[in-house]
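What follows is chain A paired twice: with chain B in the first complex and chain C in the second.
On to the complex of A and B.
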């Protein structure tokens, strides 16, 4: 049988290209009503009164009073209300739904509703939150003896970096439909995590699991933006369906989606570095602050990944790593491809670049002095078990990009930058163990159906998971079936997040397929299920934050070459080179898609994606003002994979979805530094920022 | 519901315009966005719409009396594809929006929308474009800089329709156009700059300089231009600080979602400097 990595046509391509696929907005349920959300116009206030006009027949108001269970959305910190209850904590917070058969009338009703607020003092900046000690969560851990190492240090250097918001701009905005029938509710919608939605709805209704069903509809992109957010709106439509007795559709317009859904956490990362007499780093103190916005949600886990990634690919003997999620009266931050790692990798890579420049070293050589090797200890005292192929990765990327020569010959307004990075595969810490993902394969005649809650959201899951099962069973891929998950049919394999789908869920499917293959002749209908167990070597202490934060790591190196317009300071990217170790690719073309999409999204984050908040309100609220890159913005990306099979991954696969995102921003920013000989301390690197930096 | 008129010709359109308070709409690429409400609902307009994009008399690009005559309902892609369109105008248009939007968007719409960031405007100012406004009373001609009064504000009378644009045929030795937007394509201008010049025997014989997106409407000063005319290359370098000072007083940008006033001011003056002290040299 042929090598698994060889690309095949994505199984969902044809229908998507032809426009045959029906997304949630295309599906009309009989008797369906529309809903529109009335939102807070204030960053922090008590609601004094809500004046509702007389409603025409068939129109309803749905608010906190209609929630039979708990008015809190189950996430990790369960603090976001489905509907505001007496107070609001950010502009855009949902207060109520207006539901009815005609959008025109709903619109008129919304415009007539009057809310009287009593404004309270909002916290609008991270600095203000820090001053007032408003945090959701704080962590700290150490390695070695940082205090002593600072005492012994010859020199101490400090540095600080900032990153901004990023909005997902998935092609399809958020949308759900809730239906209530025969004492049961069903939610249809775009989502990454059907069982998260189910759990949240069960709590909101106070119902048990056999009365709540969740069906994922074909999802037009997510990038983390459909990890926790759909739980909020699913709860809202279900309550509306319960009240009206009709299916209720809630779909966001783009501007609304930009304004009120979660975004990547803005960050401030602070570093203190101790150097010995030879200019060697002996100790690092890292403080990572994330802007969580008004509610905690998943932010604590995002912070964990940021902290466990804080030292990047480097082995530093003495460490103090701490961080906090700050509470501000702004739109809640949440999951986004990379999940805290991009902020941490940007900081550490720029710090290493600054140190190399200060010490007069070629950044690549300086970085390699500290690069992790197999059997090294991680910042949390875990062990790097897989073979570290960084030297091979670097050799490849150097050759492709001609980094060394270009770095030596760099001149004013033209520069080259490089980033080294890794990504922890799967859930952080105890995550995989507590989720205990389950998959089932069901043989029916000659066909085998994959039953998993992992969703296709454009990343290729439906193709890669089928490929794994088809190969492990030695049956044609056309005999492997996979439908959008429906919680009445599929077990909880965990959410479609954390680059875990291929390595964890695919691994389970691989072992289920191998068992099914053994038992193939037992009958026409056979079911095989597998439940995830951590490999025995993994040890993790959730209280002390000690041990293996991740079961395995994927690695990468990016080189970016830029030219800066000497008049306008616009950045032109001349070349992008990228090499990764993701174990083994299940499909090389899908991986190429992940690489090109991830890098482009990362370069957008680093350059043009500006989102500011002023007085608690986002300044860039439309696709006119908040722009993401197009295919015209960057040149062709040249990429390669270094093969490095992982023993516990299916066919040796590790993680790949987030990795290509995390290295792009520091490669670009260090290239700009190289071109202009000024330190860059924040992204996005806009022409406006460069004007500021270059004018001193 | 939106009430709308779809006249068969200009005469009927002008009659409707006279009898009713209406909003003329051609491609709709600005209006439909400005007035949008909720997906599935029609945009809300204060007055009935008057569709004019299809009217024959408003279309076509041709030379007439030694002038280029562009019908107001010519789409951007029609202009891009026409050999008569000046290359300076093509350069500005090709940096605007995306292909499908350029199929719909019209040059007349870009003028009447009167956005400070309208990208055809600096070109039309620099080319001394004259607008032909039609009403039942007849036609009147007005230079573009007298037509546009401020952001979204024009001299268009309630009974008028912008029929066409007339552009004198110029040849230029030197041409320097720069648009600064967010990203390379489909973006609105943070700044746009257009410099045109004719040079004979090292002396500037004619010069036209326009700035977009850095003031309520396009910045072009015939007064400053006349002071630059007849300078030779050395004198330009010597005089540059005075010239810059004069333009600096006219450039009054704002901070907005796309850029800062500071950046807009500094960079637009730098573009002027690049044009006068490098391109012209």
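On to the complex of A and C.
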């Protein structure tokens, strides 16, 4: 079974290296028109009037009046309009499209359009939203008896942590093309979730499912940024295509993409910790607040993951966990690799680090006193069923990094930090059960085609899924076919999110392949489909937030060593070590890519990726201002996997895509803390912030 | 304005505004889709091509500047032996994920190798510092280049 992990050359590498792959901007359609969005310049206002100049022949305005169905984008909270309707709620909110054959002329028209606003009082900070009680959603759950435990506590300590925005900067900006033909629409574009786009367009048009087709084009990175956002622009180009009778292309330029697309939620998390006479934690009160921006979208689900991850890898007997998504007049926040978990893990890891320092303990030893073990109960009363291999993970990472010695010998301006973390695999709560993902395998002669709506976005899904099917059918991988999903051909296997593609969709493909193998001789053309069924052991109560929030968990530990310039406070990362339990890797090299890419993004999040909003407007609006890591920023990452097969995953695989992201920031921040002996309560840890902390 | 230049070893001539971006000329007039637009402001390197042998961001080059010059895009370069070696090394190193940064990276590496056939890891990292990649974390790309350099050395070919 081990040999499946052995790396193979990825099936889509050659076309990409030769530059032959067509991303959405590389595809031309006959008679295609271009579109550009006119956006709100105000954080909150009523639109008094829109003055449109006389349009040259062949140019069109497309706005809310052109939407035949519901002018709301289907997400989870369906509140974002395709086009503003008399009122705008954030700077950058789409108001209308100008559509036509020539980009320069479109720009000229946009320049000439005059909007008169009547400004309304905006909410521009989380604090203001909290004061005014503006939230999209609030949750709370408890474990044990937190009130009593606080009463009994010898000592109560409070702490607070903040995290900032993060922008995805997938290298390929957002883009879609809408086409209307014979009473049907087709959307091509960069996306993670073809069926989300389909559902949103159906509602926007008020059309049946057989009149809406969605085709994913090779996607140049996504990281969650192409989970819900493409639904908005797909709806827009489709009505534009309907109005003009021509294919309409909408591709963002980078500045626009940075300014208006969803970002990682900024967060503020407050902790109250109760300790007994021996300095042991008996109770935790955690309150996570996320800045949702102007519309709800997926934020409620992001909050759920943050809350269910709030205690990290620790087992604390008494808990109160609560949180809210605050409503502000800013760009909407949304899905981003980790989906709420990075904020939660940063907070709990830093809290544990602070407590260890206060109590004079080695952070690693202190953390291990509380580490979850097999059969322990989770914060929601679920059960940790799989074997917890944290001790083994820690042993490895200690050995690789020489953590203990370096921690003991740490001196001013040089420090080492460590994070322990986990990630719940697949959808939160009832998610998988309600989506009921479906896959199909189609045998044609000696070839077998995979039909799934899971997309390739760089994470290696085409290779990984083919590898699973080829192995389970014992046929060469060249006989296993996979094409970019087209909703007319593939069933709804659910979206490509939540690190679910290998464990859930791959698992379905594995069982379909096994059935097909049995039936191989029945004929030349055979189709086998499988629909997801939750393993029987999983119990979840959506109302009480009780039970197994996730079917299984992946685990990890990161160590980061830093040196800080005593004059500039620039942080130099000297070493990064990482060990994970992701069950079994379907391809070790693809996993290495996920690890290194995820950690690098996580270290960017922790250090240089600064994004502020002032008066509802983002300060960093270009790649010149918003810096992401380059080849020069971090040293080589040393990583290792600890094998721990999961019974219900294909070949033992669990989840891997998001996990490497979540541990990086707290490892770095605790290393900085170790180097400077001052508490770090915020990321990104910039030199300016360090100066502030050091000067008290 | 009429502009004549060499594009992937062929002499070409176009009539265009002198301020037009080379990136648009290559993509729109010549349909050379390997040249990507990731930012349009000289920050990401997705649009890198070789201009007289040097890696440049084609989004920053106005048409007027290419008069009489030699432009090579991946479409031209991929016909070479060195490209084939690089491609295999990139595959074996896992240097490619979403692939959007890859053409620009390949062109940057070619310009590096033209100047320095035996670069160190540090030199490779430095050469790649203008190519953003959001997927890989860079080490596997650097490894791809290291492998290619080694392979050429072992084959006894000069690169």
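The rule we apply is simple: the second predicted complex is superposed on the first by the 694 of 696 C-alpha atoms of A that agree within 3 Å, B and C clash if a C-alpha of one lies under 4 Å from a C-alpha of the other, contacts with A are read in each partner's own complex, and residues count from 1 in each chain.
Basically, contacts are C-beta pairs under 8 Å (C-beta built on N, C-alpha and C of every residue); 3 or more make two chains touch, one makes a residue touch a chain.
Everything numeric here is computed off the predicted structure, so don't read it as measured data.
Student: After the superposition on A, what does A:253 contact: first (chain B), second (chain C), both or neither?
Tutor: In the superposed model, A:253 contacts both chain B and chain C.
Student: Go through the superposed model and pick first if A:608 touches only chain B, second if only chain C, both, or neither.
Tutor: Only chain B is touched by A:608; chain C is not.
Student: Kindly classify A:169 by the partners it touches after superposition: chain B alone (first), chain C alone (second), both, or neither?
Tutor: second
Student: Under the stated touch criterion, which partner chain does A:551 make contact with: chain B (first), chain C (second), both, or neither?
Tutor: neither
Student: In the overlay, answer first, second, both or neither for which of chain B and chain C A:568 touches.
Tutor: first
Student: Touch check for A:10: first (chain B), second (chain C), both, or neither?
Tutor: second
Student: Pick one for A:632: touches chain B only (first), chain C only (second), both, or neither.
Tutor: both
Student: Once the structures are superposed on A, label A:457 by its partner contacts, choosing first (chain B), second (chain C), both or neither.
Tutor: second
Student: Which of the two partners, first being chain B and second being chain C, lies in contact with A:688: first, second, both, or neither?
Tutor: first
Student: Give the label of whichever partner, chain B or chain C, reaches more residues of chain A.
Tutor: Larger number of chain A residues touched: C.
Student: Residues of chain A that sit at the chain B interface in one complex and at the chain C interface in the other, please.
Tutor: 25, 253, 624, 629-630, 632
Student: Which residues of chain A touch chain C once you look at their complex with the stated criterion?
Tutor: Its residues touching chain C are 7, 9-10, 12-23, 25-26, 168-173, 218-223, 253-255, 457-460, 589-590, 592-593, 596-601, 622-624, 628-632, 634, 636-637.
Student: Can you list the chain A residues touching chain B in their complex?
Tutor: For this pair, the touching residues of chain A are 25, 34, 36, 103-104, 107, 251, 253, 567-570, 608, 610, 619-621, 624-625, 627, 629-630, 632-633, 687-688, 691.
Student: Under the touch definition given earlier, write down the residues of chain C that touch chain A in their complex.
Tutor: Residues 33-41, 43-44, 46, 73-75, 78, 86-87, 90-92, 94, 96-103, 106, 125-126, 128-142.
Student: In the complex of these two chains, what residues of chain B are touching chain A?
Tutor: Going through chain B, the ones touching chain A are 37-41, 178, 180, 182-188, 191, 257-260, 262-263, 266-267, 270-271, 274.
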